[in-house]
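Here chain A shows up in two complexes: once beside chain B, once beside chain C.
Showing the complex of A and B:
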């Protein structure tokens, strides 16, 4: 009880709550200005009020279509993200430990890296047989380059003293990789995956808007991005905001899970 | 504090760990900048001796240490350990091995391993012991060095003084002939340092390995060493070799003895002269 009380009355918690409340209140007043004061506050006057959004949202909670959107976006994010980890981590490590490998692949990698994932959408649609694969591929790209560059940077900045000590104490090449390079790179992998996860959500929503909204036999590619786009096209403005907040929540949950996993993988950093 | 029963082994009582440095030259970047770091350095270190290498920053002492450890090659000359060639004209780079363990300036404990895992690392890697056996021995050695209770902490969780001690125990676990110290206490405050010095001597009296210890702290050098080797500013070469005739075992009370002050006075001038040369040459820290 006292912990809860301390939490709720703590100065920074109080400030956070006030900040959110004031924001929502201003938004409500602005959005309802035409109705309440007879004139619309510019810009804000045209967006749906938070209470209206909440009302629509509660209605949507029982709608399987809404949860289907969550499911599809999450599926694409996970598929793209996990593929990026599975390919990106070994690639980054290989580039870090092998000069030849690095010389061979890094230039190509660096040339592809600046291309925004969304610029890949058209090519991806042409290249991949299904729309699902093209969206997942673009999502993969969003996380892939970030993961590789973080792993590479992390593995290359390992202090040479660790290698010297390990070598003097009789560690073989494989031991050194397994017991020095790998654990020393884990913090960079965690950071890279957290950043990658954020990009993945940015990319999946945009990709769904572009390609999922294009219409397919039997409706659409679906997902939260498509949900927002469809709401916009259909004039259901409250739903747009519901979609936006849903993405915020989904992204937050993913980041939080990653943080927990990261903490579990790097116990030696927990006490700092 | 030192146990009253402790006796100091005579220098050279041990039969292993004699280092013989013959005419060693190290030139960095010989084709272009050609920076001479070590200039025809000759030095003999007896088995079981604590040899303190004193010299200005960046004079090339660490280069010498790296050559013994097998981290850097030498340009010419020879280094032997117990009569066996470590490096020489035919083989400029020595093989690093568990017989020569370096304790680094900022420490090199693996932060992702617990203190116990760090200490046990070497013998497991060398295949000398199974993991369980290694942990048992590591635990016993840590207890012996006053490190009980920190076995399952990560190095980042204990004080820097304890961390250094763990690192020394990790080194000793490999049963080395020589411990190579590269200014290990440089970053410690003077109070922690004095505790570390006594702890190091205590460990030395039990293990009696040869110690090659780089420092630029004169007090530290005289307090710990059997011998002081004062190096010239770069390129480095012994300028003055001094026997510290204060008998071991020592504790911190020797700092106030007249003999200690005399030795300080004798060395301070030589060191200061080299430090000034080095400063005028614009050497960087390191």
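Showing the complex of A and C:
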């Protein structure tokens, strides 16, 4: 109880609450300026007010279509993200372990990396037979490059003395990999996947907007990105903001879960 | 060397003496690895000398003609590279080589150091010009010896500037390896780059890199145009894309020769440029204040953190609603992504500053403004530049999305319209161009960052010693 009280009455918590309340109040006043004062504040005047958004959101909570969007986006993020991990981590480790492999494939990898994942959307739609697969592929690309680069960076930063002492004590190649490379790269895998998760949500939203928003997928089955785009096209501006907040929450939960998992996997990095 | 020495010059080496010289040379750094016959040949141009303790063998500024190898005794070598730099001295014993100014490039043969005999010394002197002459009979060996000279000068005498001027094997000889053009004067960054480049070219790396490219392009070509694998055959093929790209009269209206191509590139670069500039101009100060003032952070950061998890692309419709026209929303979206990256990294940079710096400044009576100006800003610099690099990357990322959804002109727009208009090769041209332009802009930020971060690089290098 006392910890809870300390948290709620702590100065920084109070200040955070104040700042968020001020932000929302300004937004409310700005958005309703036309209605209340007769003139629209630039920019903010064109967007829906937070109370209106909240009203619409409460209405949507009972709508299965809204939750279906959550589910679809989450599924795509997970599919793309897990594929990126499954392919990216071994590839990164292989590049870290074998110099020849690295010298052969890293330049090609570096050549493809600067192309933003979203530029792949049309090519991906042409290539993959279903909409679902093409969105998942682009999502995969978003996380893939980050994961590989992070694994490789982690392996490159290993102190060479570890290898030398392992070799001096007669470690086999496998031992070196299992006891040195793998544990040393776990922290960077965790960091890479956290960054990758952020990119994944970005990409999923955009891919859903571009491909679903193009009009191929119908109904409410398009994920949160499509939900936003559809609301925009349909003129339901409050829903746009609902969609944005929902994506923010979903992305935050995913990153937080990943951070917890990462903390569990790297107990030696825990500060307390 | 025209000055008179009290040195006793002995007769040219007898066969026996020559063997001794060969054995001595075999122990020296530059000649360690060369063949017996070449050593014989070198021994032929060397003459033994001896000096008494206290005798000056040569002075800095003298004309340099001979290279010296110590047989016995000790010689002090006092190097003063420029009048302002610290002098370095080194005492040499049997097997050490000095007087290497004699093998520097033709017009550089001036003594950079003063050599003094500190203990009665037997030395052999090898005429530099004659040595190079003999060595050039076998260019491969000449190269080895010269590069070992360079290494020795850098490592043992700490004079990399001199090492860069080492005489190259004579390029006029038919089978002499091509000598890289060496910049005159100081060893510059360019010389270092050239050296790294030549080392890279000699390693198997370029071949493997070409192999990687060949595998990738070959797979693309074969799977799409030769084997016509299912799914792959719908993709634009390698030859189709490149023919289109380099065509003077492209089928789909976009190639190297059409002005529209450059117009699209320019529009995209301009948008990224404006967004990046705004994000830096607003994000860096915000980040600095967030990190500097606790009160400010407690009030502002929660809102910042509340908005940050929302993917930039989710802002697209809202941006279109908020800003009129088609240009402002695109720039706003690009700006938003960069802004968060820059502000966050700057804040982390301020937090990373060791607290003792601020305390020390406070103790010395620095005002708040002075602490900010001389501690906070430079301390956060490395993080700021990391942030700027990330910022350029995400700027391109969101620019493409914004242009695809609501743009007119720009590379993202090209990619998207080419899809809807079924101009498939143009999609790939757009993608490659985007990758190249994106790469160049990030490289530019990195170069500027490295240039401004030189003090930090030096600090790291010193720390690593």
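We take it that the second predicted complex is superposed on the first by the 264 of 272 C-alpha atoms of A that agree within 3 Å, B and C clash if a C-alpha of one lies under 4 Å from a C-alpha of the other, contacts with A are read in each partner's own complex, and residues count from 1 in each chain.
Note that a residue touches a chain if its C-beta (ideal position, glycine included) is under 8 Å from a C-beta of that chain, and two chains touch if they have at least 3 such contacts.
Everything quoted here is computed from the prediction, not taken from an experiment.
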Chain B versus chain C as contact partner of A:126, first or second or both or neither: second
Which superposed partner A:77 touches (first chain B, second chain C, both, neither): neither
Which superposed partner A:53 touches (first chain B, second chain C, both, neither): neither
First, second, both or neither for A:100, with chain B first and chain C second: second
Chain touching more of chain A, residue-wise (chain B, chain C): C
Touching partner for A:152 - first (chain B), second (chain C), both, neither: neither
Partner chain(s) touched by A:115 [first = chain B, second = chain C, both, neither]: second
Partner chain(s) touched by A:186 [first = chain B, second = chain C, both, neither]: first
List of chain A residues in touch with chain C within their complex: 11-12, 15-16, 18-20, 23, 43-44, 46-47, 100, 103-108, 111-123, 125-129, 201-202, 205-206, 209-210, 213-214, 224-225, 228-229, 231-232, 237, 240-241, 243-245, 247-249, 251-252, 255
Interface residues, chain C side, partner chain A - complex: 204-205, 208-209, 211-213, 215-216, 231-232, 234-235, 295, 298-303, 306-307, 309-318, 320-323, 396-401, 404-405, 411-412, 415-416, 418-420, 424, 427-428, 430-432, 434-436, 438-439, 442
Chain A partner contacts - residues on chain B that touch it in the complex: 69-71, 96-98, 100-102, 104, 106, 108, 110-113, 121-122, 125-127, 154-157, 174
Residues on chain A engaged by chain B in the complex (per definition of touch): 159, 161-162, 164-172, 175, 179-180, 183-184, 186, 266-269, 271-272
